[in-house]
Amino acid sequence: MNRSKSLGVALASVLLGGGALALAGFALASATPHQAALNCVPSQSAANTCSLNLSTFPDSLAGEHGKTGGDHPDWVSYANDNLVVPANTTVDVTIDQYDSGGSLNNAFFDQVMGTIGGTATIAGKTVSSVDPNNVGHTFTLRGIPGSDKMLFVSVPLPADSNTQAVTIGDGSYTKPVVVQFSFKTGSKGVYEWNCEFPCGGGREGEFGQAMSTYGYMSGTLTVN
Amino acid sequence: MTTTLEQTKTAAIPQGGGLARRLNMLTAMVGGGLVAWLFWFLAHHFLDPTSRTYSDEVAVSLTIGWIIGFWLGIGAFIAPLRWVTGRDNTRADDLYLAGQGQGTSRYWKFTTDHKVVGVQYIVMTMVLLGAGGILAMAIRTELIVPGNHFVNQQVYNGFIAVHGMLMILALIVAVAGPWGNFVVPIMCGARDMAFPRLNALSLWTLVGAAALLLTTLAVGSLTMGWVVLEPIADQAGIGMDFFAMAIIVFTVSTTVAGVNIICTVMTMRTKGMSLARLPIFVWGAIIAAALGLYAFPFFSLVEAQTLVDRTFSTSFFVASGGGAGWLQANLFWLMGHPEVYVILLPAVGALFEISSVMARKPVFSYRTAVAAMTGLAGLSILVWAHHMFTTGWAPTLGGPFMLTTELISIPTGLFFLVLIGTLWRGNIWMKLPTIWMFGFIANFIIAGVTGIYLSDIPLDDQLHGTMFVTAHFHYVFVGSVLFGAVSALAFWFPKVTGRFLNEFLGRISFWLVFIGVQVTFLAMFVSGLKGMPRRYSSYAIIFEHSNFITTIGAYIIMAGMLVLLGAVITSWNKGEPAGPNPWHANSLEWMVPTPVPLENFDVLPVITEDPYNYGEELVRS
Amino acid sequence: MSTSTNKNSYKGLYWIWAALTVVGILIGLYAPAWLMPRSMSNNMHLTVLTMVVFSVAAAPVAAGVYATALFALRHWAHKGDDVPAPGPQVRENAVVVTTWLVVSTVLTVFLLIWGLGALAVDNGSNGKNPLVVDVTGQQWVWSFSYPGTHVQSNELYLPVNREVEFRVTSVDVTHGFWIANMGIQVDANVGTITTIHTTPDKLGTFNIRCTQFCGLNHAFMVTEGHVLTSQQFTSWLASQPQRA
């Protein structure tokens, strides 16, 4: 093989191989499930304020996993994982909590932290902490420190003790505990949030399955 | 030169045998699929679906079915079955099994000829490196900017686990697989391996294991890293079961291969081939094989315990059941550190061989070389706890393990002495193998020096678990072992194909990979020093520049490896013809014709001296 | 035969070696402090110093190998496509091997002695009324509590110039508690408490990152820490909600 032919082989290898890899990459990126964004609804009355309605279910039959519940209909889930809010805005969050509960791994998360006033309104009462042995889930949001994106919000969602039955989608539940709180967003960026109540599978810490799988008990909060 | 080959080509294909002689990779896949389905069906229907471990039980059953079916389908059990039933293989059967008169179809079969197995190992190494490389590119693409933009963290965590394990498997077989099989028996003056059927078994078991490992990504939920860290592995999904079973099957393969190489060298050497006259590469191969026999039982043991924990709810590693994650870490690193030298030693042995041939000088201080390799193998089984310096396990053992770890630098330093001593004042033939060897020397120094930092506990407290460690062992595996493997490939390629690996393409590839390694991993050292931990799917803004540079470097490496692949493919049938002894070397593999005939030698040679006399009068000092 | 059998021609080798050694020593002296996070504790000062010392000690060895390799490429590479003539058939040189062994053994012993000394300082406690902080790792948050005060926080606050004793544990899987600015790291293990000491001696903010792979959001298991003056620390403690 002469030199120019060899160069041709080199170029062809890089282009063909690189091209195949790039195609595979695009295919992979587009095959990665993207859940529909839940946008914060701007308030009609107050400036720089919007509201976000979330729900937590004991299964996956009522949320974004569709009527059949996706791959794991019996896993606990947040109804939406991909939250989108504007920057420098007060976000009023309402979470309908339909699940039962138990004890936290770490009682630290029975506190309401990082909200405006350091409190949340749970079933109509304003509180700064709840019973650590009767928690259903938590909404715990964190930023990336060292990059002016520090943000820490953690609100416990008490276990649902209502008995009145309701039906949403294919799921049958009891009337939810309603938790309301507000926090202020800072600069733009993608923040991660998840639940800190041990509600997945596994024998150590119960953070398997729904807790360790993207799109059930964790998600992103995109500030833009 | 090729009369013997022509004879074997034109020899009448033995008749009879029917189905048993038609088995190949395709029937193996079908067999594996069918038995896997059967096992899945039985497990699915007869196990208790309400059990917490139901999905793991089904997954383990399925994977066991896969490998049994794969063995049946490739025909691994036919000869033993014939022996049991009193119809042992005839000479004609054995020749057929060795691939006589079957052209290229023998490469897809359970073929016992060690040269066929060697070529199959070359292909398997490239497949594993390719798959692991694709995952490396995916990982670096995810890390090119902060944030999860390409894939989410769950997919990313699967990538790092499977990338790590694929590359470890690829490098374990990268030198010892192709050349331990292709050239070691000829170097010893043997007609084949001691156990030719076990040789084929080891290769096809590796194929079965690799298939299992690749499916883990599709099955998903691999939240445990390649080390299968406990207790986090308890949270992983059924991909974890496939992963552990792939490792167990792989250790069967390496054990069989290791026993075979050692037995071949110990019992099949030709007349006059004393241990002191062995080509130095043979020493590298058998020391690594022996070390593997020590190390890999821990590997299958720890994965079996993980599987039993997951399927039968035992508690080897589950603290709430009385187990300990530290037990897993100990067992894993009892395997994990010797394994590094199982990977390194064949490459080092090959480079000693290549440096001697290319510099036209004997290996400098052959005895030192053998002693250093043996000493390193011995030391390597006493250093495992340096992977656990920061775990909190046995702080009082910190000093002793720091000692054994730092002692490693003495035999490693001797490797440099032997290589440099061999090159010293030689007439160095600057061909592809030599160029990649120089790359090894440059990179292995960086790997060694950064290893010294990590052996020191106060420094390890800072650097452990960071990208600094990742960069360090990539300098070992990519910068050193891969360079050694490519050097060996370029060196023995003419013996396999009768043609040179394209020199010009090989040099382009060398420069791309060499520069790519420096860009990628020097920048990765910077990420680590600045404070970025390992296995991060996203990172803070302060690590932005070093990660961007690392990703660009990784793309350069990929381009270089693609050029190398192009060189291998185009040179295999169309490269410049090389003749039987293109490097004018003296060891036995260069004395036989190319292509090497079945059973290698018409008449077994008698050895009177080692292969390192290049003609000039011996200078004694 | 090679043209460089003349002893004088090794001069070039010594020059390359000397030059590379100087470069290596300069890198060793300046790169660690330049690249590593700002040093904020006694442990980190020692860590940076150790890195400098090891780099400087390794520089001549590494430079020797590089210099020989470069020299070999320059003077001993065979030009042309023909088969090179045999080189000098030297098989052993007991003096060289022995010297090499002695030098590498001496260097190793030095590394070990330095390491053991540094280890004693690194792990030691000065025993003077350390501030105890209980560190809890869990998927994927750190939390800190101050025994005797009922204060719990998701960020770490420390007073300057007072020894801290971290008692680290986990409630689920293994995490790695690492303060890059203080040169300390220990795993948080479930069911076990691991202890490390350090004395912060600079005011400022630092990050705490998890170094042990812990699942889905491992990359986001990060928090901030602050070193305050002792007055600031006391008033911070007092301002925190007291938990029962």
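Per-chain residue numbering starts at 1, and chain names A, B and C are given in the order in which the chains are listed.
Note that contacts are C-beta pairs under 8 Å (C-beta built on N, C-alpha and C of every residue); 3 or more make two chains touch, one makes a residue touch a chain.
The structure displayed is predicted, hence computed values, not measured ones.
Trainee: Which chain maximises the distance between its CA centroid and that of chain B?
Mentor: A
Trainee: Using the stated contact rule, I'd like to know whether B-C or A-C comes out ahead in C-beta pair count.
Mentor: By the number of C-beta pairs in contact, the winner is B-C.
Trainee: Compute the distance, rounded to whole Å, between the mean C-alpha positions of chain A and chain B.
Mentor: Taking the mean C-alpha position of each chain, the two centres sit 41 Å apart.
Trainee: Taking each chain's centre as the mean of its CA atoms, how far is chain B from chain C in angstrom?
Mentor: The computed centroid separation for chain B versus chain C comes out at 30 Å.
Trainee: Any idea how many Å lie between the Cα centroids of chain A and chain C?
Mentor: Inter-chain centre distance comes to 37 Å.
Trainee: Chain A: which residues touch two or more other chains?
Mentor: Within chain A, residues 144-146, 204-205, 207, 211-214 contact more than one other chain.
Trainee: For chain C, jot down the residues that touch at least 2 other chains.
Mentor: If we look for residues of chain C contacting two or more partner chains, we find 172-173, 190, 207, 215-217, 220, 222.
Trainee: Two or more other chains in contact with one residue: find those residues in chain B.
Mentor: Residues 153-154, 223, 231, 234-235, 319-320, 538, 540 of chain B touch two or more partner chains.
Trainee: Write out the stretch or stretches of chain A touching chain B in their complex.
Mentor: 1, 3, 6-7, 9-10, 12-14, 16-18, 21, 24-25, 28-29, 32, 144-147, 189-190, 200-205, 207-209, 211-214, 220
Trainee: Within their complex, state which residues of chain B touch chain C.
Mentor: Contact set of chain B toward chain C: 153-154, 157, 223-225, 229-232, 234-235, 319-320, 325-326, 359-368, 390-392, 395, 398-399, 402-403, 406-407, 409-410, 413-414, 416-417, 420-421, 423-430, 438, 441-442, 445-446, 449, 452-453, 455-459, 461-462, 464-466, 526, 529-540, 584, 612-621.
Trainee: Under the stated contact criterion, what part of chain A meets chain C in this complex?
Mentor: Counting only chain A, the residues touching chain C are 105-106, 108, 111, 113, 118, 128-129, 140, 142, 144-146, 150, 152, 154, 192, 194, 196, 198, 204-207, 211-214, 218.
Trainee: Which chain C residues qualify as touching chain A in the complex?
Mentor: Spelled out, the residues of chain C in touch with chain A are 136, 138-141, 143, 145, 152, 154-155, 171-173, 190, 207, 215-217, 220, 222-224, 241, 243.
Trainee: What residues on chain B touch chain A, complex-wise?
Mentor: Result: residues 52, 134, 137-138, 141, 146-148, 150-155, 221, 223, 231, 234-237, 313, 318-321, 502, 504-505, 508-509, 538, 540-542, 558-559, 562-563, 565-567, 570, 574-576 of chain B touch chain A.
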